[in-house]
Amino acid sequence: MISVGIVGGTGYTGVELLRILTMHPNAEIKVVTSRSEAGKKVASLYPSLSPSLDTIFTSPDVAVLKECDCVFFAAPNGTAMQMVPELLKAGVKIIDLAADFRIKNSATWEHWYKQAHACPDVLQTAIYGLPELHREEIKNAQLVANPGCYPTAVILGFLPLLEAGIAKDTQLIADTKSGVSGAGRAANVPTLFSEAGENFKAYNVNAHRHWPEIKQELEIIATHDVSFVFTPHLVPMVRGIFATLYVNNAEISMDLASLYKERYENESFVQVLEEGVLPETKHVRASNQCMLSVSRPYSGETVVVLSVIDNLVKGAAGQAIQNMNLMFGIEEATGLLQPGLFP
Amino acid sequence: MISVGIVGGTGYTGVELLRILTMHPNAEIKVVTSRSEAGKKVASLYPSLSPSLDTIFTSPDVAVLKECDCVFFAAPNGTAMQMVPELLKAGVKIIDLAADFRIKNSATWEHWYKQAHACPDVLQTAIYGLPELHREEIKNAQLVANPGCYPTAVILGFLPLLEAGIAKDTQLIADTKSGVSGAGRAANVPTLFSEAGENFKAYNVNAHRHWPEIKQELEIIATHDVSFVFTPHLVPMVRGIFATLYVNNAEISMDLASLYKERYENESFVQVLEEGVLPETKHVRASNQCMLSVSRPYSGETVVVLSVIDNLVKGAAGQAIQNMNLMFGIEEATGLLQPGLFP
Amino acid sequence: MISVGIVGGTGYTGVELLRILTMHPNAEIKVVTSRSEAGKKVASLYPSLSPSLDTIFTSPDVAVLKECDCVFFAAPNGTAMQMVPELLKAGVKIIDLAADFRIKNSATWEHWYKQAHACPDVLQTAIYGLPELHREEIKNAQLVANPGCYPTAVILGFLPLLEAGIAKDTQLIADTKSGVSGAGRAANVPTLFSEAGENFKAYNVNAHRHWPEIKQELEIIATHDVSFVFTPHLVPMVRGIFATLYVNNAEISMDLASLYKERYENESFVQVLEEGVLPETKHVRASNQCMLSVSRPYSGETVVVLSVIDNLVKGAAGQAIQNMNLMFGIEEATGLLQPGLFP
Amino acid sequence: MISVGIVGGTGYTGVELLRILTMHPNAEIKVVTSRSEAGKKVASLYPSLSPSLDTIFTSPDVAVLKECDCVFFAAPNGTAMQMVPELLKAGVKIIDLAADFRIKNSATWEHWYKQAHACPDVLQTAIYGLPELHREEIKNAQLVANPGCYPTAVILGFLPLLEAGIAKDTQLIADTKSGVSGAGRAANVPTLFSEAGENFKAYNVNAHRHWPEIKQELEIIATHDVSFVFTPHLVPMVRGIFATLYVNNAEISMDLASLYKERYENESFVQVLEEGVLPETKHVRASNQCMLSVSRPYSGETVVVLSVIDNLVKGAAGQAIQNMNLMFGIEEATGLLQPGLFP
């Protein structure tokens, strides 16, 4: 049994970690921290967990967390980096669902996150936790930076094209759409039901923090600089990310369907759909699947890739548990093969 | 392993049965029938099932169904009664999620369902599958009539009051609200997104088929005639039933919270909430739980009970599997304790 | 031209007042106040107003407001009562969309609103602005307390029954449902899209501030004490109120459809639907209409009235403008007969 | 007074035409046809119209329509072309909201609409009714082809760039998102609330009928061939279109904000937003406005234009009435300056 601690269990990624972990045969929830809710039953904040969870929120305490085998940080950016060095020394394996360890270049990180990094040296040892790209490194990692939701959908969508050396001198475009839960549980006017409901809008068009994260990984895959534009939008639904990816490149002569199918044929959590079938966010809701389609519509000069995930599962908690499985040497898909919830 | 057949696997209760059964440790899906989709993969119609289900739809065939241990009917009203007698003879255990065997009085059934009943004699042997009310009979039943979604929420809400002999000479009122999936997957104008979205309405105010079903069971519990009014409403959400129940009865002197807690303390799927906590449909989404609160607001002359379920789980497929567990002598909660999906 | 001032123009009732007033042939918006947004264009906060409104938010200033013919308060409870006495002295006509002047008994008001009333004497001069009930008094009023959204729907629904002397010794029940905009534009977790979306719940079941307001008016109509239970619910839609009203009274022998039709036949904003037709909130969205149906389902012992309005129009801004029309002696329906927005 | 006939008044564009026309000071609704609803009151099908409309549906009859000054076709594709020649002969002015007269090349039309065109000669005389592009021709037209919803948003977004000679040798990309009402009122499974709600998907990725329509107009503007990719998506909201447009073109040195502002400064229904302000569909709901923003994020190599409209107003009925105003020589904005509905 892997004994698990969760720092910051009151947000949506926290409750989703708890939901999935209660069904995991090899994990046991030992501690769930929350400064504001300490002393309360977790299930009194999240009654959906009540049939299966008796845990009480406690204040975050490194001494207690040290006794866990694995600690997940589901806390705001800037929290994990304060506690990670000490936990690493204690031999704890760590998965940070926030952004503290995603960007290798600490100057870039500080520019985008508007604060000094507390442990730039540790940053270098963190592994970017996208198993389909960094599986072997994750197996040996003590610290995993769990990818953002948009980066997961976008990188998995571009990956086969970039590995195949396509898209060298072209602009990559990601037109991405997210459900409102991606904005978290903070009380803000723009995510009120009356504002976000029956509405569609773009946001952070000129600068979104997932841009440098995606760019970093695309360039690792491509082994060259990548020019990349990224437009996030807000969809009036709770869960789901949909990424529509465009690559202009008239000269592609290869069979893209085969390229994608071959690249992902051994993956448990990436499905390349049959020609003519298109992914929908509802098909992956509550599941750890990424569904992809690839086509070259109209004149054929542009490749259009569609990529969908559940932002809270493959885009956060599910992928974190996939990483935990890898880090602890158990079957990667353990506890993660429940079908999606439809309708 | 219980080998399972599902007749009518293309509707929402069908896909929900499949979702839950793929996670059930003692059941194995042997056959899923659909006249219209025969030959297609179930997962091509419902991609949410694709990671875990390879089954192909077949045309309904009694000879094949006879070889199952358990057959679920998730087909339109009037379908099961055509095939049930023969399957019973073959020793198959049957759970009908439609209405063919819910109402004991065949004349009443024929009045409300506007057709002749194909096997009124078999009707008498069917057990109404609400485990919290008929558990022992279900254990020995070969044919279970799975309750409707509204009846499940309403009966569980009134049950302790009626058993306690309260509400004898008063009018019972159930103001009920359902998500749109309760209307099924048929293409109709009133359940289009553009009609049902951003809208709230009542429907079938003067006559709803769940009325005689609820009345029958309330009178079994009360052991006397019951006067009962029932107003169903449509809510712009996919899943969930919320029942607000009113009993006018100034003389109730007992502690209602204790009455409810004691009645349900050994139930795995009914939770009576702490005083001051109110149920929300989102707290039981995708789970088999029913959550209840009871209060006597303002002057105290009226008891108000709130009851919530997921119409497709405790209101249909989950309860059907709970019944299967009882009928096959395995632990009642097997495969049904996953937490709800929040948010 | 009526020159109009609006105090508190940043909330949803404020923007709705502005939307309707820009289409009103006899009104001219002179001043819109907001402490927090002073100096900004109203249309920069609410771009939906941009084709027709150039007004700039200013800080609230009684000296400026005094120069208006009519001032609407669309501010939080407790705001209007601070400024109203001085404005009354200056001869300004006032319509308060908040609750400061709705309850005649100042002790009751202070109990429910948890603060001392700033001008209990003025309270006695205020007219409760439900034109269908107090039309003549409104015509002569200088200060109108605009009814709450639930009270409008509930009172109009019970009115003909109570005037007819029915429901004397019975319990009145109002099971009410509101769209999320009723909770206003404040940033709170329970009204986030991810919480209120795909969810249905009751709230304030044991005590809601609209209860004493409704009770006061029902007793004025009935001319006797009324026993009344009121259960509010939150619907995952932006606009709309739906009230389902129950009166248990076996002895009613009169033709209720005629009673309702006759009572409202000269009203511009109340429609009694044909038998068998049921109201939907979507049919009155963005319009000042209230639609009603009345029936006696099943055994006939209970009268069920359905009443729908748009909470921001007939439940707030539209009704306020209807009151303004009456107070200024112009045709009551002026500027308020636009059809609803469907779908 | 312009006497107006509407053919096919039962769909969403029909009811929207009626909603706006009842508020139009120069138009009078004379006849509304529907084969299926003939004899019924229009307001019994659409109660939202009930305060202002007494009209009865009649069967379509050319003899009656001939007596109108202006006939709108809000019927399925292929309907208008059967009746238009005779109405033209009778001197009636016609606005077709369907696609029969949008594409100049009849072979192209027949390829995309899978039927023979009934009057290819008349096709040549029709004017494409986008006033911001073809205003003078519309003023003199007898037959106007009202643009599709996507084409309106996309063409207005690309227009200034193409007129400026930019985007000559590059790929134009339109990633477009539509509310569900764009699919009309036909009962189909994919537009059921339970399917389209809490879901986001792309559709018709390889071929959408608006593609040749958009391409035709972009090439008229650019005066050269245009390479264009178009990906439509379905958003879980009722109304609204959001188009995200991409033009890769590193060499653009001009001030794009000024380019857009100058191009549209005299337009009543196109607003170019201030830098840093982004459009939202909710800001134009129920209004005839198109809101645009233009930016060059990240490296600056790609121009990103955001364009929003209400698909049923500027994307259909509102624009049709704007065309009617032009055709009858009255002020273009007459009856169309109501603010949007927010929230």
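Note that the chains take the letters A, B, C and D in the order they are written out, and that residue 1 is the start of every chain.
Note that in this section a contact is a pair of C-beta atoms (placed from the backbone, for glycine too) under 8 Å apart; a residue touches a chain by one contact, two chains touch by 3 or more.
Every value quoted in this text rests on a predicted model; they were computed, and no experiment measured them.
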Contact-richer chain pair [A-D vs A-B]: A-D
Maximum centroid distance from chain C, chain identifier (CA atoms): A
Chain A and chain D, separation of their C-alpha mean positions in angstrom: 39
Centre-to-centre distance between chain D and chain B (centres being mean Cα positions), rounded to whole Å: 45
Mean-CA-position distance for chain B and chain A (Å): 36
Chain D residues counted as touching two or more neighbouring chains: 12, 179, 181, 194-195, 197-198, 236-239, 279-280, 282, 285, 343
In the complex with chain B, residue positions of chain D that touch it: 12, 179-181, 183, 185, 187-189, 191-198, 236-238
For the chain B and chain A complex, residues of the former touching the latter: 12, 15, 18-19, 22-23, 44, 46-53, 181, 197-198, 238-239, 268, 271, 273, 277, 279-280, 282-287, 289, 291, 337-343
In the complex with chain A, residue positions of chain D that touch it: 171, 173, 175, 177, 179, 194-195, 197-203, 205-207, 211, 227-231, 233, 235-240, 242, 244, 246, 248, 278-282, 285, 293, 295, 297-299, 301-302, 304, 306, 308, 343
